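Each of the next two complexes has chain A plus one other chain: chain B in the first, chain C in the second.
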Partner chain A sequence: MSKMATPTPEAKGLRQSMAWIHTWLGLLAGWILFAMFLTGTASYFRPEITQWMQPELRPATVSATQAAQTSVAYLQATSPDDEQWFIYLPDDRTAETRVFARPKPNPDAKATPTKRAAELKLDPATGVPLTARDTRGGEHFYRFHFQLQLPHPWGRWLAGLCAIFMLATSISGVITHKRIFVDFFTLRWGKGQRSWLDAHNVSAVLALPFHAMITYTGLITLVVMYMPWPIMANYQKPATFSAEAYGRDNEGEASGKAAPLAAIGPMMAAATREWQGGRPRTIIIRHPNDAAATVTLVQSGADQLNARSPSVTFSGASGARLSGSHRPGPAIATAGVMLGLHIGQYAGPVLRWTYFLLGLTGAAMVGTGLLLWTAKRRKPGTKPFFGFHIVERLNIATIACLPTGMAAYLLANRLIPVDISGRAGMEVSAMFWTWFGLATLSVMRPVARAWPEMLMVSAGAFAALPIVNMATTQRGFFASLMAGDGLFIAFDLVMVAMAALLGFGAWKAGQVKAKKAPTRRRAVSPSVQQQVREVVDAA
Partner chain B sequence: MDVRITVLSRPQARSVTAFVMIGRCLTALVGGYAAAAGVASLTARLLPIARAEATGWGMIISFLIFAILGLWAFHQPRLTRVATVIWGLAALSIGACYLLGVRA
Partner chain C sequence: MPLEPGLIGYAAFASLALVIKKHRPAPPLPAMPSPQVARVMGWMLLIVSAINAMLRFGPAIGVVAWIGQLCIAGAVFVLCLAWQPRMALAAAIPALVLAAGLSLA
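On to the complex of A and B.
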């Protein structure tokens, strides 16, 4: 704070002021940003994590048309009078059909509203509901990434605040960093604070375009919530904006005249022709079995960069095409592409893994930045100020303990009995109890011990995952290898890689302390954190 | 303001500095948001293109305006200048939006 205390107009250069604000913005938002980066990175494999967390589900792959037909048949048999049906077809990354039916509103206004029916998973080949262990799957990491497990809307606002801090921190970081291309190739190991700065610079600069993109596009994902004012300046009713921007929703009323629902197959073929080979992914059927029924097909997000997928609507009674979404203008298309770039649904396997690795460099950049803050302020032989202890402890609690919490979420999925009620919530609780429990425990240990110990625990938790998976399911590593089950093989390999990196970091942190402790005046070795760099780079 | 700090006693100077810092943070965060929202909305209102498109551009640029105003609030040493520019920009742009009214 002292730098800011008596600023004189001439004395403070742009680089100086930017360095100051970079430090403090980064510190304030750093811990939450680290968690957002880590869970967001995991979310690039959201459907894969969900598949891994329901190992009993192994439906055969069938054509999208067959999946659509079987699910419509199921909904016709179970709830033909609903107001609306949602069908999410399987694709390369999701094996099941998901359906969700919304019943007609009760005409009696005083009646208690019908409870929202849960989403069902259907076997795409037969349309029979699939039963599997109750879990939130990859959805949990995805939701935590921008809701932070806080009540709505506070989690989203806090995530947005951290994101705008991240944007300002990136801009000020680039201004501060004058030698951006020289430091691109500079990493001086084992030089204390200088090494932390290098590690921070390398992880930040190498992936700078990615960090800048992911931060700005992240803000854009919730722009309507964060910045609705331009809509207010142009529209009486905000709904008019979404209708103009993304095409009008066919919210027609039911006619009350019954009419059988036309076959879905020809509509899907027609949509694919209209999209020049694009695949329908979502089917929305309004007022099924009514003369005014509509069937809206939405194209798969894997087909194009713009996440606002085109759609086409057919008459449910005749099967004739009624309308299609219009091509968006440049601004709406730009926003849609930004959304697409952030969620990466368009990305194929190679690009997806690139996203995953770049996301990890984001976590590394934030983590090394946080460690740099303490490395810079550590003065051997002097008693550190109070805030220093807080930052040091929060660094351990976040960087070394959060990964264990994430592993605990996955472990809980295998260890909590499959048919116990409320197990999905227990899995989520396992993550936070483990994370905050270990964080509390780490406070009771000396800093120099807490780093290697907590990192070792996280390495152990990740190493345990393939073993526990093998012991509790039929889909262990070797069985998956025999079956050529790429997803389960890759999952185990990533867990082992995480364990190895965290274990390596724990070993380095412990080793440095043992080696250097006698030469230091204080028990807390300044170099311990510097040696955790490998882990931070990885985790 | 700098001159005044030098003649104050130390605890007094510290409280003035804290006050200045709080004012600066509030101006950057709240004022910066208000100014970004106002400028983005005014842009959306005035751009002579389809209103959905204008709205889209306004929303897209808003975060960049917010970030730059927020950073500038910590670069410019004089808080009075920071507060005048940021709160003034917010008041003018939001006021202009109100006077113009919603696009027909």
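On to the complex of A and C.
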């Protein structure tokens, strides 16, 4: 940075071209990035959101071993002849066991393929199937974050393109920013464009390690999709690559000889010993009740930075340890840690909240950047050009209306009847209809009114959530407080905090527009002109 | 709750802000360090915060937790500094006391 500060002509040229890149790439990707940041931030609480969206599920907490035993017993009773069982054990963040059974392929090739059985939720204590309202839960925000509700593979491509733009704007932003250290703590309120620049700088610079990490690791997560050529050049089939990189799955055939499945408890204990206290999260049982049955235990991602968890395989008949997952090479281990850093599944409560707040900082950085673009180009007394209107409207549609859409998704979960069919899809539709509907409505209002109004609507939607939750479930705020239900208490508090934040934004937006005329007149005074020159310089 | 890295980080940023002339409050705060002392103090506190994070979270996750909590502490400090500069700077003392309390608890 200090090298960049030397006022040679070349340096100035570099900074100007970087400023151009920063401005235009940032603008192009900004709206999608804002949505990606906001939904990605929510995704740090993916299991919690899912729990909140199925309030009728309140299974008692039992040990993982008991949950494994009850779910194996359930699968033995319902589908003992299946090819494969998948069991996802409950943990600190998921209350119920999820099971999924894959039947044997029909030997008659012409027969219609057997329909995939749906995933079931079981009570960990008893192994009895649980029924709850159909919802996509936190999974929806998570999927939207990188698939953008577009058909495969376009969503992922678009998300990747935006991430590349984000990476480019991060680097060009650092080069453009002349006074990173001098202005490190500088945030001045109520000074129009100067304030937006300060807010953009502060949210970007203070959380720069997070922004750089999250953008880069996000890209790396899908790198095999974005850049398939190294693998294509070196491997005949991509499957060969994954087998070499991640180790081969145990694809052993069934022997056809029946043998009872060994007890799961001792295998779990053995795996935990092998992982030095790491807990198993997923159990995969191949060919249950066959002499060649295998039981693979996969370690929980909550115990380690690397998101690709090791596994250990036991013989289903004897319970003896057969093999452990092969130790990943340095490249795969690095990729796993990068993925782990991005999704933060390893993070305990404190670190998870840190991630959440950092994600909000990211959304703030993108949002203030978008607002800065318009603030810089708003010339008093002149008619703004056409593109300016588009940017201004898209800013309102994204920054002020998307939060309402997300709140509408949660509200729809409480308001759509529990047993209606297709309700999970209706919840998702509620988010987009609300978002785009309000965005359309906002176009019909003057800009000065649209900002406070739309922000007020979103504040209202978030404020309504605790009330609607109290009215439609047994788990309202006071009931949760009495029951010591931390998740539901925290959820309500976060909703109120979001409402307060958006309400504050609405109030400020209303104020700014109200005293617009005096600020404009002041802008003619020399000292402010000086400031403006400073701003133009810095940006 | 292992919040000490962030709390110490807050105090570190408050110290480092006192190095910059425009952030030094006009009637000085009681017992306000000089810019030179504030700079040394700020960097020392950052190191202490790093050590604390390593001890609390282990080396691998400690680095992540340290940087993450520093980022949040910095953002909180700047917001407070813009709103109530004197209070924001003075809050470094209670932040340190709280951090000491948490690490003993």
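By our rule, the second predicted complex is superposed on the first by the 502 of 539 C-alpha atoms of A that agree within 3 Å, B and C clash if a C-alpha of one lies under 4 Å from a C-alpha of the other, contacts with A are read in each partner's own complex, and residues count from 1 in each chain.
Following the convention adopted for this analysis, contacts are C-beta pairs under 8 Å (C-beta built on N, C-alpha and C of every residue); 3 or more make two chains touch, one makes a residue touch a chain.
What you are looking at is a predicted structure, and each value in this text was computed from that prediction instead of being measured.
Once the two complexes are overlaid on the shared chain, A:Y355 sits against chain C while remaining clear of chain B. Look at A:P260: by the touch rule set out above, it reaches neither chain B nor chain C. In the superposed model, A:M227 makes contact with chain B only, not with chain C.
Taking chain A as the reference, the larger set of touched residues comes from B, when chain B and chain C are compared.
In the superposed model, A:L206 makes contact with chain C only, not with chain B. No residue of chain A lies at the contact with chain B in one complex and also at the contact with chain C in the other. Those residues of chain B lying in contact with chain A across their complex are 2, 5, 17, 21, 36-38, 40-45, 49-60, 62-64, 66-68, 70-71, 74-75, 77-78, 97, 100, 102-103.
Interface residues of chain C facing chain A in the complex, by the touch rule stated above, are 1-3, 6, 13, 16-17, 20, 22-23, 57, 60-61, 64-65, 67-69, 71-72, 74-75, 77-79, 81-83.
The touching residues of chain A, when paired with chain C in their complex, are 182, 184-189, 202-203, 206-210, 305, 341, 346-347, 349-351, 354-355, 357-358, 361. Residues of chain A touching chain B in their complex: 1, 4-9, 12, 14, 17-18, 20-21, 164, 167-168, 171-172, 216, 219-220, 223-224, 226-227, 229-236, 241, 244-245, 329-332, 334-335, 338.
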